[in-house]
Amino acid sequence: MKTGNIVEMHDAVVVYGDFPALAGMTFSVRKGEILLLQGPNGAGKSTLLRTCAGLTPIFRGTAEVLGHDLRTERDLVRHRVGFLGHSNGLFSDLTIRENVMFWSRLVDAGDDETEAALERMGIGGRLADLRVGELSAGQKRRCSLANLVVRRAELWLLDEPHAGLDGGGRDELDAILRQAVASGATVILASHELERTRQLATRVVQVSGGQILDASL
Amino acid sequence: MKSQSTLRIARVVAGKDLQIEFRSHVVINRIVPFAALVMVMFAFALDDDLLLARVAGGLVWLATLFSLFIIVQRSFAIETADGALDALRVAGVNPAGIFLGKALALVVQLFLLEITLIGAAIVLYRVHVEPSSAVLLVTCMFCATLGLAFVGTIFGGLAAGMRGRETLLPLLMLPAIAPVLIGATKATEAAFNTSGMVTSEGWPWVGLLAVFAAVFGVGGLSAFSSLIEE
Amino acid sequence: MYGDNDMNHDSTPDAVGGVATTTSRTIGVLAIVAMTWVLVSGLFLTPADINQGDAVRIMYVHVPTAWIAYLAFIVTGAASLAWLLKKSPSLAFDRVAGASAEVGVLFMAMTLISGSLWGRLTWGTFWVWDPRLTTTAFLFVTYIGYLAVRGLGGSPQQRAQRSAVIASLAVLEIPLVHFSVVLWRSLHQSASVLRPDGDVKMDGLMLFTLFSGVLAFTFTFLWLVIHRQRMLLMRDVVGEKGLEAAIRERRRDHGGVVA
Amino acid sequence: MKTGNIVEMHDAVVVYGDFPALAGMTFSVRKGEILLLQGPNGAGKSTLLRTCAGLTPIFRGTAEVLGHDLRTERDLVRHRVGFLGHSNGLFSDLTIRENVMFWSRLVDAGDDETEAALERMGIGGRLADLRVGELSAGQKRRCSLANLVVRRAELWLLDEPHAGLDGGGRDELDAILRQAVASGATVILASHELERTRQLATRVVQVSGGQILDASL
Amino acid sequence: MKSQSTLRIARVVAGKDLQIEFRSHVVINRIVPFAALVMVMFAFALDDDLLLARVAGGLVWLATLFSLFIIVQRSFAIETADGALDALRVAGVNPAGIFLGKALALVVQLFLLEITLIGAAIVLYRVHVEPSSAVLLVTCMFCATLGLAFVGTIFGGLAAGMRGRETLLPLLMLPAIAPVLIGATKATEAAFNTSGMVTSEGWPWVGLLAVFAAVFGVGGLSAFSSLIEE
């Protein structure tokens, strides 16, 4: 079932042990959307994002991301997807710059892009040479966002990306996401910051009990 | 092309690991002294010079083995402490590359450790290495190190995602590594000409080590993706 | 596709339920019959060994359990490879692998125990530093580790994936155990092989009893695996009713607070 | 200098290595306040809270909490203070109930209080018997809040307590804090959720560069 | 009153740790097989029955030692994984109580382990324990276990806050524990009547172990607070 959609999920079931965290999810995301997943704690938002990122296998049903079936062609999807979960994925013994450098090397991005990303997230200059282990919660979050920026992904999956960021950081993040979408990317984010993310999102989806309740515009 | 990128990834990953080691000096400042201490303790516990010289080879590799647990644990603690391994997986970074990279970093660190331990054995246990058997010794170290590094990376990656990994890792690794321990011990004893072995008897054992390393190297390269997946 | 395969494989009661029960019932009966025969023949009909005396009767348990444990681990390895290699395998492979490994560990334990008892009677000690014994111990612990990994939960695919890799590596140990004696002798100069293997003098009946023992334990193995993997099937809620019920309940749970 | 104040800090300096995270802080908190610390990432909010909790030693200056000098009488303060940091402090192999039980046993609280706290945080029933390792981010946060509730502290120090909680959880938390204050406790919290916390707080303090900028009402 | 509360805290903390063990079966399912395998490996590496019986005592305690590292690491991984130790500190939970509690849990787990290992030694290494020396053996195990548990808790708590703890812990603990290792070895050899020792010679070593345990017990009780405070 090839559609132009970035994400196409049909009756997807994801189980942890014997608990169906996703209880038959059906939804689709069009290119250029900023989709906001909202719902109570334990609804299944993080699981949904991890599934789209190919981190958690689907037990039943089908899921296509960027036109590839997640079960068979996951590897073709991965390098085009950027994922930010509850953890930052940083190496605490390295400095901010070294962390971002590591990622830009992996994706063959130039050092100038690294510097640009650092500046953008306001962790250039003195901070850039601090061990990540010595950073504050928000500074760490900023660093992992910089890692994400240098990846230039086509599909951004963000789990509570605003958590820990200060006002300025949140505005910056919103700007980055809008810019990414403008340049052809698609964004799905889960968040409890309704006031802010409702303005950011082009569509809001209610997740609860492991399924989509209603998709209101 | 694929393999080329595998090697590039491997280089980046290994570089990162060694950079971290260079920053934190964990192996130099902690594990080497630990291993040396273990050897001293063995010497104490046995306190019998003849006996000691006889089992010197075994003790060197026993000390290496227990340090290996710590090094591997450390090597993957780096990746899992803040979910970096997850990030690498999602980013679709070539798992074979990650495997090679981490293994390579391990090889470097282990080799450093083993040289120290052999040195310690020569000093503490008064074993002699004729120039003729030096080449056997080095080949043995090389093959054994590869084997240990591959097994360590495989099971380190396997345990990485799991709860109670600090206890799971040794249980999984020990049986897999036992052959290396035995083979390396025999070869080293041959190199030391201890426990009635002469140099030439060492080579079959080195062969065993080489086969072992090859098997787990290939196994790791092909299976690592399925290990760190999910 | 994982899911759907699993559904038609497991959901239809006669896929596992029906067929399995009839088959397993017959197998169970066969196992009991064969086992009884082995007991009778092993304990009473077969002669005592010239130099080992009645101790030799342990053989009828020791050897079959050892061999069937091999078989179990090979089955585990095969199922695991299938899981790894097939593009979209069914979780049934994983369950068979797990069940077979459990039974294998059980049998290997019996080999170890019967062996050390036998050793106590014949060599006067429970254990000797024979490569066969040592490698057997390694093999045993390897699969304990395998079961430990399986016990860790997470998603079924995750468990299957990880344990499958271990199983397909661990199975390589079996030739190591089997040929350890030969290997050791060829590699190890001062070969400390205290026991030339299988030099137990056997008359026809003994041999026959030994192999009916192998048969009996094979049936037992099959029976246990079939049932065990069915229990595992019950445990992961793969059975359609289980999953559907769980999904329904999950859908009803709105964390108390939903806008 | 005994004052009636719950927290009395004067020119307090806290250093990490050679970096002064708190660069001479002077401020005081009166009984019954809900004090909101706000400021950019890296300002020193978490450090300030950890210092008040006696987790980070003071390098220079003085700090009194609940009338006791932090340097000399820290032990007299501690059991009267409740602290919630960026991490939850849970045992992931135990169930939610066992985790909360552990704390209530430590403080000699009754089991009924445990159950009450669980209900209150919406993690009673089925959830209460789940391993904490199997919980979603917000459910974990709720559990650690329940741990805090059973402690009945006099001074609550909360570092971004709303992070990860859904709308309902946030309202519940606010209610809990207001109630605690009503029954004689004092609350200091650091947060980036300005809209919400501004309404909750009785006083807002701007922290930046390791200093108090201005104390506006 | 203080001490009374110390004991209550200790009971709660120990209860929690054992509950977790009961839940996760880490010691039973992983560490015991690991330790047993270590002993098999030692024996195989030496492969010489006479020698083996002679050093049996040492091997038992060496295996215990390496398992101790893992158990202690596990015991404090529980506390630090999610900052629970911090939470306990802030809550002003009596540190002496925490120390006693964690040590107690360790004692239980270690004792379980040692019994298995002694059993293994009797089966594998063919050592004999006369009823007369059984009491020596048990006392030795008891004192040694106390000592190991106290040292483990002290250094576990010390390393808990630090980065790279998985590598720091072994280095810190090994020297501190060496005396226990030696004392216990000697006493056990006496109990086994191996390496030319008779039972009566064992008691002085047990005395040493008791003193050691007492010292570190008192030390831990008084110093633990300053250890977990950074």
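For clarity, chains are labelled A, B, C, D and E in written order, and residue numbers in each chain start from 1.
The rule we apply is simple: contacts are C-beta pairs under 8 Å (C-beta built on N, C-alpha and C of every residue); 3 or more make two chains touch, one makes a residue touch a chain.
Predicted model, so just to flag it, every value in this text is computed and none were measured.
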{"item": "Steps needed, at fewest, to go from subunit A to subunit C via touching chains", "value": "1"}
{"item": "Touching both subunit A and subunit E (chains)", "value": "B, C, D"}
{"item": "Pair with more cross-chain C-beta pairs in contact, given C-E and B-C", "value": "B-C"}
{"item": "Distance-maximising chain from subunit D - centres being C-alpha averages", "value": "C"}
{"item": "Cα-centroid distance, subunit B relative to subunit E, in whole angstrom", "value": "27"}
{"item": "Cα-centroid distance, subunit B relative to subunit D, in whole angstrom", "value": "45"}
{"item": "Inter-chain centre distance, subunit A versus subunit B - centres from mean C-alpha coordinates, in Å", "value": "37"}
{"item": "Subunit D residues counted as touching two or more neighbouring chains", "value": "92-93, 122, 166-169"}
{"item": "Sites on subunit B at which at least two other chains make contact", "value": "24, 163-164, 168, 171, 174-175, 178, 230"}
{"item": "Junction residues of subunit C - those touching two or more other chains", "value": "138, 141, 144-145, 148, 154-155, 157-158, 253, 255-257, 259"}
{"item": "Subunit D to subunit B touching residues, read off their complex", "value": "92-93, 133"}
{"item": "Residue numbers on subunit B that touch subunit C, as the complex places them", "value": "154, 158, 161-164, 168, 171-172, 174-176, 178-179, 186, 196-197, 201, 204-205, 208, 215-216, 219, 223, 226-227, 229-230"}
{"item": "Of all residues in subunit B, those that touch subunit E in their complex", "value": "24, 26, 30-31, 33-34, 37-38, 41, 44-46, 51, 55, 58, 62, 66, 70-71, 73-74, 77, 163-164, 166-168, 170-171, 174-175, 178, 181-182, 185"}
{"item": "For the subunit E and subunit C complex, residues of the former touching the latter", "value": "29-30, 33-34, 36-37, 40, 43-44, 47, 49, 52, 123-124, 126"}
{"item": "Footprint of subunit B on subunit A - complex, ascending", "value": "53-57, 75, 77-83, 85, 87-94, 98, 102-103, 105-107, 147, 151"}
